[in-house]
Amino acid sequence: MDGNALIKIEHLTKIFDSDDKSVSAISNLNLTIEEGEFITLLGPSGCGKTTILRLIAGLEIPSEGIIYERGEKVEGPGPNRGMVFQEFALFPWRTVIKNIEFGLEIQGMPKEKRREIAMHYIDLVNLEGFENAHPNELSGGMKQRVGIARALANEPDVLLMDEPFGSLDAQTRNIMQRELLGIWQKTNKTIVFVTHSVDEALYLSDRVVVLTSRPATIKKEISIDLLRPRDRAGKEFAKLRHEILGEVEEEVTKAIASERKKEES
Amino acid sequence: MKKVSKNKLMSIIGIVIIVSVLLLAGCFEEDGEKSIKAVKIAPKDMKASLDSGDIAGYVAWEPYCSDSVVGGVGKTLHLSGEIWPGHPCCVVAVEKNFASSNPDLVKHFLKAHMEATTWMVNALADNTSMEYSLLVDIAVDFTARDEAVVKEALSHMTYVYLLTEDFYDGLKEYTDKLIEFEIVTDDKISERGYEDTEDFVDKYVDETYLQDAATVTPTSTSLGTVRVGYLLGDLHQLAYPVAKNSDVGGGKSLFEKYGVTVTDASGAPYSNGGDEMDHFEAGDVDMGYLGSAPAVLKHLNAGINTMILAQVNNEGSAIIVAESIDSLKDLRGKKFGIPGFSTVQYFLLRMIAEEENIKVST
Amino acid sequence: MNKKASKAQKNRTFFLSFFKVKKNRDRLIHLGISILAVIIFILAWDLYAQLQNKPYLPRPHMVFDALIASFFNRDPFSQRYMGEHILASMVRILYGFIIAFILAVPLGLLMGWSKHVHNAGNPIVELIRPIPPIAWIPFAIVFFDEPFDTAFIVFLGIFFPVLINTIFGVKRIDPIIIDAAKTLGVTKRNMLQKVIFPAVIPTLMTGIRIGLGIGWMCIVAAEMVGVTGGGVGFYISAMADVGRYDDMFAGMIVIGILGFITVGGASYIERRVSRWMGMR
């Protein structure tokens, strides 16, 4: 198993220091992510799950511990770890196709070639006809398709997705989840997905990692062996949902209690 | 693809237009090489501008001429009397309504002016007299220049209060020139209710006040207050501080002697006669010392309700140039300071330039 | 797939044309109100001028006559047509603008991006910024030659709005966009060119628009003192000097119109660029 590890997180701790206080976001977290796996980090809001993703991306530096990617230490952001943001983070002055080409343009790939690759990903995320639209002309779901295609165009080893469907309406979210699975199966990418929705985690992942409230550490890992496409109304789905929900709610209660304590003191 | 190239084309066209405008502007400048470039500079700054090389010469009134000559910054190219002998210069003007409602006060003011002028003429006649040194002291105080500058400047001064035949002729000649130079249009003469320039000069200069003033006697009663306009450190207008000086009148100023209280008008002293005319219009000034040129020009063009009652001086201006300049021709293509476009000094430049067939532009 | 694409395109154009019709009608109403306001303003001016009956407040038709005449007659002082005065003023503004732009944009980008550069530059900028450009006129006249003496005043007027807006534009960039660029392989070296600069363009354009407006105010003030080569500001001050107030107002109206055209043009370009870049 260890031979297939794409990302290995060892004793990861992150403390944010500001002028008047320091906040411990992650405490001694160990996690191994396998090649080709769809793994979800699940936890209550503000538990530090986004921070884990940003650390893997290299956008933050660990206070302690090491993150390895294919055995090499992560020391900064790089195109081999693509990221998809909840806020889409598209370049508003670039058209859809130019957003998708961005990473290739940075690499210095010739125009014709990168256009070809970009068109392939436009096809993959169902954005034909919108190549020359600007992001502000698109709906939220379409924007996130661009976000996914842009990250994929760089052909990264892993796709880091930070609550990518968090700002979409329920209908669109379901469609996007289904399409994401399709893309994952077609590209065989490793996906690290962050969400606070138990339902989303269950529907998508091979493995769900439930995190504790701040500072985040692993509370429980659950492998989901259900066949895809999964039936959200199914019996086994409901049973797993019940089980995981219990774990998460415990953490939410704990988080509220600790907040209250802080206020009192 | 097409969109991009279109935008590129647009920006190229834009740059071409900008560059050609800049080049074109360069071509226009060529024309200016042959003319004297008149620039408006406050007289008090003229010496410094000449010294710094910013201008090659200037035309101004005293003491701003002698200032440079004595200071070794420049030399006199032409005294104004050489350009236009006996040309009118400063006058006493009055706001018409003020004159008609306070005729007595105006006459008493003029009497003080007459006596001050006579005293000055006598003082200048003998530069060993006590009066001369008192005059120099007053002038030093008024102009904020040192004694050497003031003495040099005083040697070019002709103080006179009478409205002579020459003055009328000069004023008419000036008005005709204004029309010739298109600074005033014919319409303006008729718009102000005059038949022609001669009629204008006859009506605009009212000598009755001065004639009546001759019979005014000293009085111990206070007749009222006059708000007086005058120019900053203008040696031509020395009659004003002289008439205010108590030593001249023997313990009592000449204004006091004739029952006149004077106060500086709001904003006075002004930097040129045009400004003073604006203050007349604004109702700040009752009577004022100023150049006859702005008094005429702004009355005609802007209808400012004034008239001329007496002369103050004639001539007394000069064209001052840098050491390297030997003739008016040498000034072509160079910057040349003038006190303002409404001044007789600007006019003197235009007159001599016209004589020598040189263009004056900016 | 092609069919799908063209359908999507069609949907977009339908949407746009619908907006256009409504927009055109709105625009007509706005234009009508504006024109009406101008007419009322001119009528009020005329009424007041008639009541005053003083040459220093000429009636609108007199100013209009003087305005027309100024384009066909040389002025008596500098022997130039109004067209030449306008050109002279525009060239000065253009020089001031180009120099301000070349210096302010890179400096603004650096000051917005780097704390150290900001700390170094900010005190100097904040010390010089409040000084009205016209206060520099005596210095500029002695220190620079035409047209750069007046252009320098314009430069000061334009430089600071462009600089401040550029800094503001950089600081306003959503940090998530910077993060996204980093995960896509952008290095420190090309961040400025590929992300910061394009992101700043709309705010930069705002700075240019404000700067050009100030530029016209500066040029008039600068040309009123010791300037050679004519210019609309010169025209205004010379005419005021000799009491030709109808001509003076004509010059003022020329400045007003030129400023209106320049700023209007700049804001049109600002809107076009923003829309073209999809930033609005």
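The first chain written gets the first letter, and so on, giving A, B and C; residue counts start at 1 in each chain.
In the analysis below, contacts are C-beta pairs under 8 Å (C-beta built on N, C-alpha and C of every residue); 3 or more make two chains touch, one makes a residue touch a chain.
Because the structure is predicted, anything quoted here is derived from the model rather than measured.
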Chain located farthest away, centre of chain C as origin (C-alpha): A
Most centrally placed chain, judged by C-alpha centres: C
Separation of chain B from chain C, taking each centre as the mean of its C-alpha atoms, in whole Å: 39
Length of the line joining the C-alpha centres of chain A and chain B, rounded to whole Å: 83
Centre-to-centre distance between chain C and chain A (centres being mean Cα positions), rounded to whole Å: 46
Chain C-touching residues of chain A, taken from the complex the two chains share: 54, 57-59, 76-79, 81-83, 85, 87, 89-95, 102-103, 105-107, 123, 128-130, 133-137, 150-151, 154, 160
Residues of chain C defined as touching chain A within the complex: 1, 4-9, 12, 174, 176-177, 179-186, 190, 194-195, 198-199, 201, 277-280
Residue numbers on chain B that touch chain C, as the complex places them: 7, 18, 21-22, 24-25, 28-29, 32, 35, 37-41, 49, 52, 54, 181-184, 274, 277, 281, 297-298, 300-304, 335, 337, 340-342, 359, 361-362
Chain C to chain B touching residues, read off their complex: 54-56, 73, 76-80, 84, 87-88, 90-91, 94-95, 141-142, 147, 225-230, 234, 237-238, 241-245, 276
